[in-house]
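After this come two complexes, each holding subunit A, first together with subunit B and then together with subunit C.
For the complex of A and B:
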């Protein structure tokens, strides 16, 4: 792998300084699971200063405020999948993080890196989307907050500037009443790029009336998406079998609508419909009885 | 073998410690003073005339010591094991994307890589023939020796299959298609050539399965005497048939550079280069038709197959031999026609890979058999019980099976019982009818008989040789060129030598294969290592005993009578000597207790013209059973459990035998379900050149509950009673899984193209859902 320069930083300030000092392009290395692979394929980083942010301690770990989980951008998928706070307040994210690659990958790959790499097949994207996650992004010491879905422009592209650093993923805590389901379809059990993920959050009151519903499909659209019209199909209702069929159909119809009809649509559209039905039936099992 | 034998014991592998502790030396571990690093430059065309190769810029790059092209090869321009038609470095034409047009040698790998990027060629494009169909329809000959692009044709004829099909009560006609499969050895090819400072001599190290074949090619192409080409394979990190021609091509390249520069030279392929250049398992298209009487007696079998040979003949004709002959399976059927045609294309060439043309055929045959059974209202086991061969039957190719235990029925019963086939088949068939069920379950079973070694295709040259020497400390040193490629062969050879001499295995030491020490032998291919190597070892042991007995006669008189060697003792008349004493007696009389052993398979009576007779000297019997779950929502297939029951003759080392079977099952699972090179039938390119896209089953995908069953029956046709297991272990696996998936789907034979990936299964799942909707609607209408 050819690079222009390699710098390891231990603080966010040091990162900003390194960015300023760098002459030419910058590549940020978090866990390295994308950078090292891309760099091996071709000389894509040969003019880049590679800045390794993994040693920045403050970017590791999960903290909480009253309403939010604050996940450091360099927290590994393995750490997230076992984190007690994440398991309590955003269990769907713990599950999605545990679905990434293999143990070896999860021990290096970071949630911030997963987002910045912007692969449409990233396993955590659909979970973060339904959680309404936000990103704290720092530029020259100035922090701003953006919805997680807002940074993506197209596959493998974000609107982040070279001197932008995702520092924290903010995830609103879920109440214990929220039911969730995460399904990953891959070609094998581990070390598998998602063919599709479906992430669902569903909250109902004591009467079985839906108070919150977020459902999306990952590894299917050019970027992670949320659909208010899909949410509206169940909110305020006590779901019936017919509702489930309708939601699953509506969600799967988004595929040709948004991604266009491709070779993969023949597979993805019916599978989306099937597993959406499966997910919703599971989540509503007690209501449907 | 009267006394307690070494054979049949789980003796620890002699290479286990070095491999487990990481001290074993593999090809790419080698570092030598002054060694050059090489980089291959591959063709940018799948088919073109090669007008010029421009190396001038590369030669000027820092660190570059030598750049060679095909023009630098002093001798013959092509090599090949059986058919000489392969370039080591292309010089006038390129025939696939894996052809190498130049090789750069530099002081460092990075320098070689940089310089290689500057090499380019002028091409005159030729039509790219990316499938057998295109190649057969085209006027363009890929190899002028084969104007119609057909490089091999083999057929089998028994009775009158056409008439029998007409007369059959029930027939099934089907088409099956298989794909390119990668060996996926964990170690990509790495070869190092070291020139001698004394003479025109080169020593070659690295990952090689067939060193004696490579010696012939290096000799022919580089014009040096065979005695001065020394091959010493390193520890081989997996092969599965794959470390032959590709390793050889790379050996020729680095030998050329080593001889020209007088410096050691090494080439190590990246995974992408390895997949790009190496040969694959043959994609085969089958048209198959079988017929039976109402009572289930199989009466006719026709199997027409076309194999994609790729750019070079490689092993395609012998592969076609096995496809045609072993593809008709272990059935007692009177009327058979099978023909296999190998067609040159501009795809990766195809050659030796574990199974050698039969896993594909068994998959086609066994799925068709299941379809026929279903049509007859029989279960897969009922049909097979009626039709599998037994002692004294004549095989589908005309072989009278009266020379060993024909245990295929027993293998099937054992496998069926272990997976509880008959009960599950009924239960799942019933359960799967429930329209609410989204996860369908299935069981499948498949059978095969594998010819041991090369068969009639190699009539007269199927030979193995060994050199065994007893040293003064009474250790027995074996030098044999049948290489250890991970299967445990070296330890098995040690065990057989101990058995042959009647001594403790601790006495036997095994040399690393070195062509300057071990006599030339046929290669470690065709699941022949144990049987052929065993024959040679037995022969050498006889020779050694004759020499030792000569010493005894000199000391004790001519009438010593019969001498027995067992339990590490030597006994004759009243005498009971230790082996050490007997060895010192021989040395005391200045005898030389060293012997060369040779075994060649007897010439067998196969009529190539008619396609009838004895195609192999002996056979291994195999049955695999698989249980699967098929998710109708996603097309995902979970393999729940597999059984591999085999009769490879006498089991020499049960643990190794089980290891072969575990691996064989996993390999079949990958072939059936997920492995896909992403071949384009337009450009002939492969898109999945590394393991991020070329997916293998992981440890999480292969069931922990997979179970090998050893059903060994000592084979009187083998010196130590053992036959073949390497290839049989994978032969019926893909068939068992696909039969199980098709059973789960309730449509025998429905999915007829490999791999059975998510998309293919989903297509059928959707048909099932549609049918369920129609059924539900008609029920509703009925009620109304």
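For the complex of A and C:
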């Protein structure tokens, strides 16, 4: 692809310096699996200094604090899907990352790139939404924290400035008794850009009364969304079959409400309702008996 | 943009090339280095024909920028014959009827190589998952899975 300049950086500090030195447009390059596909058509990057952040060691891998997982923005989906900390404290994300593309894609594609690219079909978004993930974003050495869902404005658009670098995805650790389910409905088993994902977290006390419930649909709305009204439908209750039918209906009714009536609504609304029912029944199997 | 100097290890030998860092790795291999074994099918990461091993991982070279080859360790199909695992995989592909037109073969062999380096005794399901990003229009996937399974058994001896 046509570019103006290319620079590789090995530290976050070097990234900020490269931005200052660039005088002109910059484009961040991580795994490149979206950038190189975009760069095939038109000359989108021809005036850009491409800054390759993939070699920044400190942006790879997963660390933990007492309550949080800190996932480096350049951690690949393959690394996330096998990471022991992610599998223990945010297993729904391990599943979502494992569902991305093929092995070759997962070996390069990063979680930061998945978010910054802002495709509504990005597989990790629904999982990160129910996990209440936050992003650490650095601009010129200053860091700020935003809810993951807050950076998206519309499909393929974020409110990130060109010199904003996502450095870390912060994920509150789940307690071991949170049940989860992640479903991806695609065209083929691998390589399918999602048509829909459904991500659910459900926590119940010893009596089967719901103490936490987060459920959302991905690849369906213009940006990742969480619904407090949906959560409120189960919290404080011992779920029954009727509750499950009601939640699945309410969630699928969000599709025409938010995304508007489109050709795909005809397909997506019933699919969403069916897989939501299936997912909730699975998560509540012991309670429904 | 103007050419820059890229240094990397390719098939266990050091290389330095002067090239446009905005090219794709696939083009550096084929055009700058004349290594035609790595194929271009789709050019968008979907067929796996351009699979190479970059720092130990199978990746599609059509989606890696040339500049990203700097300091990397790369293996391509051309490096398979001076390596025991590579030789055994190639033999097994031929013996199992896993090659017809051959266009997809280098990509499959690189995926198989990356798999066996990491997991010398894969199950058939693990084999299928490892090559799920490679497309073959000729043989069907059974002979290819057979070939990789056979190679793993021979190498395990």
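Remarks
FYI, the second predicted complex is superposed on the first by the 289 of 289 C-alpha atoms of A that agree within 3 Å, B and C clash if a C-alpha of one lies under 4 Å from a C-alpha of the other, contacts with A are read in each partner's own complex, and residues count from 1 in each chain.
In this text, a residue touches a chain if its C-beta (ideal position, glycine included) is under 8 Å from a C-beta of that chain, and two chains touch if they have at least 3 such contacts.
Here the structure is a predicted model, which means the values were calculated and not measured.
Comparing subunit B with subunit C, more residues of subunit A are touched by C. Residue contacts after overlaying the shared chain place A:185 against subunit B, while subunit C stays out of touching range.
Contacts of A:195 after superposition: subunit B is touched, whereas subunit C is not reached.
Legend: residue contacts after superposition of the two complexes on their common chain; A:270 is shown touching subunit B, with no touch to subunit C.
In the overlay built on the shared chain, the residue A:44 is in contact with neither subunit B nor subunit C. Judged by the touch definition given at the top, the superposed model places A:278 against subunit B, while subunit C stays out of reach.
Within the superposed three-chain model, A:68 lies out of touch with both subunit B and subunit C [touch as defined at top].
Shared interface residues of subunit A (contacting subunit B in one complex, subunit C in the other): 37, 102, 189-191. In the complex of the two chains, the subunit B residues touching subunit A come out as 438, 632-636, 674, 692, 695, 697-698, 700-701, 757-759, 762, 766. Subunit C meets subunit A in the complex at residues 1, 4, 21-22, 24, 43-46, 48, 51, 57-60, 62-65, 67-68, 70, 111, 129-130, 132-134. Residues of subunit A touching subunit C in their complex: 1-6, 8, 29, 31-33, 35-37, 40, 45, 50, 52, 54, 78, 101-105, 107-108, 189-191. Of all residues in subunit A, only 37, 102, 185, 187-193, 195, 266-267, 270-271, 274-275, 277-278 touch subunit B in the complex they form.
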